[in-house]
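Below is one structure. I have some questions about it.
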Amino acid sequence: MARVVVDVMPKPEILDPQGQAVANALPRLGFDGITSVRQGKHFELEVADDVDDATLAKIAETFLANPVIEDWVVRRVEA
Amino acid sequence: MARVVVDVMPKPEILDPQGQAVANALPRLGFDGITSVRQGKHFELEVADDVDDATLAKIAETFLANPVIEDWVVRRVEA
Amino acid sequence: MRVGVITFPGTLDDVDAARAVGYAGGEAVKLWHADHDLKDVDAVIVPGGFSYGDYLRCGAIARFAPVMQEVVDAAKKGMPVLGICNGFQILCEAHLLPGALIRNHKLHFVCRDQWLKVENNATAWTSRYDNGAEILVPLKSGEGGYQADQSTLDELEGEGRVVFRYVGENPNGSRNDIAGITSANGRVVGLMPHPEHAIDALTGPTDDGLGMFLSLVDSVVKA
Amino acid sequence: MTVDTVKNAESTPDQEQPYKELGLKDDEYARIKDILGRRPTDAELAMYSVMWSEHCSYKSSKVHLKYFSDTTTDEMREKMLAGIGENAGVVDIGDGWAITFKAESHNHPSYVEPYQGAATGVGGIVRDILAMGARPLAVMDPLRFGPADAPDTRRVLPGIVAGVGGYGNCLGLPNIGGEVVFDATYAGNPLVNALCVGAMRVEDLHLAHASGTGNKVILFGARTGLDGIGGVSVLASETFDDSAGKRKKLPSVQVGDPFTEKVLIECCLELFAERIVVGIQDLGGAGLACATSELASAGDGGMHVYLDRVPLRATGMTPAEILSSESQERMCAVVRPEDLDAFMAVCAKWDVIATEIGEVTEGDRLVITWHDEVVLDVPPRTVAHEGPVYNRPIERPADQDALQADTPDGLPKPAREELLDLVKTMAASPNLASKRWVTQQYDRYVRGGTVLSQPADSGMIRIDETTNRGVALSTDCNGRYAKLDPYAGAQLALAEAYRNVSTTGATPVAVTNCLNFGSPEDPAVMWQFEQAVKGLADGCVELGIPVTGGNVSFYNQTGATAILPTPVVGVLGVIDDVRRRIPTGIGAEAGETLLLLGETHAEFGGSEWAHVVHGHLGGLPPKVDLQREKLLGEVLVAGSRDGMLSAAHDLSDGGLAQALVETCLIGEVGARVFLEADLFTELFSESTGRVLVAVPRTEELRFTDMCTARGLPWRKVGVVDPESDALEVQELGSLPLAELREAWEGTLPALFD
């Protein structure tokens, strides 16, 4: 068993209303000094040892992310 | 300027319908060997250098996450 | 009887909540999110919608609005407060009610006419109903699954603080089929379904929801 | 970054420009040079290329659309306050109210990115309505998909539905109707049409023009980013030198932010109420290029825009990119200088970014500067209103005769004992099955004015809470009929939408359309288009109601295969008191008789039966009789006014069988039905001009006497039976409602859950 993390983020040129909303709210809540916020998704997968990196990339690309508007990163982490 | 990542995940005991849906769909799409999926949020913040860890923790705890249902982790990353 | 109805940016059902207050014989008073001012109202409704787009988490940003600080203070002194849908989510985020609401178990937004069972008619908002009565009102939400840890659930159940429960198939994965709950003193009520959309049979499935607004008018007159 | 200025263009007349990549033809490029007397700058090229695109200039359809105006009589125009040529049509409905409504397509973006494509489609049409000065009140979404069980439909449909819902729900606009139709020709090219309806007081109508020298031009709403730039990014790679980094060709996908739009709506309505807007224009396709040139073109002066003032979301954007960005949730207003502070205060209240980007000038040029250098200097009419016009070749398809000759007459008919099962099979077929899986993702209650929404023949909203005046809307189109005969097909769409509106008790008053067709470069497609426009316009004349606006979407095809011609027609009706609406479900009154109004003939060309059972498309569609539709409408409205009708449902796809199934299931009561000789024809023919009505027994004689007196054929076909939980067809047997419900409601969840 391995633990795999996939982070999916809106592409830089694509509007990110969610991150925008957080960024706008922070100063109102009294938190200054945060100049930019982007919000994406974070997946944690438990994966059998025979699942290779290519398969993980395929899962991220075809299913977890929408490559038209999102970028993704796959990382294996220590359990 | 520093880049800070905050990951927010549903608590283990809380239902995670989104992660569940992904986990259920994967075998249908022909991807086997993924035994569990949880889905949360991933934030990337650009932060002024004078924002300290305590402030970041406060932002995560009071705002980015709802501690009733979610856990959170803050990381500073290399830009 | 003056009932405040809050408008946040992104609030949608304020017009409907105000209309319902009027149908019940109360006077609806507009409250603006950015004001520290409750305009001497006798009760407050936090209506449905998508405050601030609900982008981070439903209710997470609205909770910090200036008007909400006033609502929290007033609620602590016993003012009746009703949170409907997004309003319920905001009241949970503001810790006026325990627990939280998460994404519907089937992940889709659900709009349907929903049967509810009234389980507690001792609140400021439900005295017009009989306990055990079943009412039909619209439910329309994407994040209506009520969640709380086991001890909170035990406490709510033990103290009879579940006010409404879904009848029939659970529409959103809510724990214990919970549709609405109340504070320990029965003054603050939050629910996911929309009583303000069921005040006449022309525009709603029934007029079953009107009872909540009539109850409020009764309770304030009594107090 | 080097910016191409007018000065630069003058001194480098022979510089190569990527006009072909931007979709301009040689002669179009030559004409631009001719207009300007020099080569265009990058910014000018960007503006002309987007504004002269098919989508913005209507270059292939213009000569045909003119037929709508040409055939509209003064009498038809009587209630019309604004028509073709404005952002949306406007109709006077009485009590001082004006209604504006329009449909638009967002087909191609929704195939690439279903959720965002559909979402921004809704966002765009809502801004069109807002730009008329109206409060948007409701939306509808006529949709077309490939086969229900095709794998790609599983990707496309849930995304589109979630996008329509996600945006509309968040805006607080009830969804009061739409269509979901499946056909193989839409497989690589789904249709997402979105309609919005809004209301205003008659005196508050705002028209888009920039008048009054010295008035300010304000851009407000979202920041401008790189989204939706598409083809124009080739200009960036031309002008970006290597050190700045070549910009890759950008995806032309736009991401919507419904929250920003909701706030923008409230902000605009407050601005209108304070009467501080001289002119207003939404930013949709072609962004600022479109808004500035249209405002200037429609006004009485010129305009100067300081492009460097536009608030940006991305760094390093070129003037060409800023002009053609399709970032969503933006509006452009023209404001008197003395109202500027008040304008900005309202925007600040709603946290809406507002920037003065220019002013109305004397003269007749649109001039755009970038840090004091002129990057664009054009006569705005040549951009917005005097684009290219094509008389595309038109040719009736060679196989049209063969298609029409291939009638359904020879198809094997079911045996008598198979008929009941067929009722169920048809009810479960994707086009006839309940669309609840879709509609339950849409909020239909918000605003508290929805009197009818799905499932109903038309959506209906209350406009005035004091007088109870309201409007009803229906959109329809059967693409198979239109394929068999596009002229008749367009009229059939009109007839159906008209009938749907009257069936709920409202009087039809105006028409909008969304004409979805294949490539205009295909003469056969142009023939379909021409026929459909003629059919629709002629039909409107016969019914006496005007086309007030619409939208054309071409190039809907996969490879060489065009979609079924799909002229979606929307009809708006008025009802003076929404409390007398006629619902679809039977069983509201104790004893009801079921009457079938109209006549049934054996008409199966293009029918749902031929499609479902035989996969057959051929012959001629059912006959259209618009005089009959008119009479039917008058009878239904009279019946509603005098309280003689307790329910009504129009007959269309699937015929009487489907109408019976739906009235029983929606009303949750059974019925006993007795039919005449040819049971198959009685049940499944799609003859037009028919409505099934439920009449309380006490009103039966009065109602049938009225029908007879007016010459409307009617026939008693059954009774409602509140005690029964089945649909019983005499001589055939009985279908338990539970079984029917499972068939009717089970199909879409099984496919898409």
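The letters A, B, C and D name the chains in turn, as written, and every chain counts its residues from 1.
The definition used in the following text is that a contact is a pair of C-beta atoms (placed from the backbone, for glycine too) under 8 Å apart; a residue touches a chain by one contact, two chains touch by 3 or more.
Treat the numbers as computed from the prediction; the structure is a model and nothing was measured.
In terms of C-beta pairs in contact, C-D outnumbers the other of B-C and C-D. Annotation: 29 Å between the Cα-based centres of chain B and chain C.
Distance from the chain A centre to the chain D centre is 36 Å, each centre being the mean of its Cα atoms.
Taking the mean of the C-alpha atoms as each chain's centre, chain B and chain D sit 40 Å apart.
Multi-chain contact residues of chain C (touching two or more other chains) are listed as 52-53, 55-56, 64, 106. Residue positions 63-64 of chain B each touch two or more of the other chains.
Shared contact sites, meaning residues of chain D that touch two or more other chains, fall at 257, 259-260, 351.
Checking each pair of chains for touch leaves A-B, A-C, A-D, B-C, C-D. Interface residues of chain B facing chain A in the complex, by the touch rule stated above, are 1, 7-9, 19, 22, 25-26, 29, 31-48, 50-51, 55, 58-59, 62-64. The residues of chain C lying in touch with chain D in their complex are 9-10, 12-13, 15-16, 19, 49-50, 52-55, 106, 108-112, 138, 140, 142, 194, 196-197, 199, 202-204.
Residues of chain D touching chain C in their complex: 162, 165-166, 169-172, 257-260, 262-263, 266, 350-351, 439-451, 462, 578-579, 753. Within the complex formed with chain A, the chain D residues making contact are 112-113, 116, 222, 225-227, 250-251, 253-257, 259-260, 313-314, 327-328, 351.
For chain B in complex with chain C, the residues that touch the partner chain are 10, 13-15, 17-18, 20-21, 63-64, 66, 68-69.
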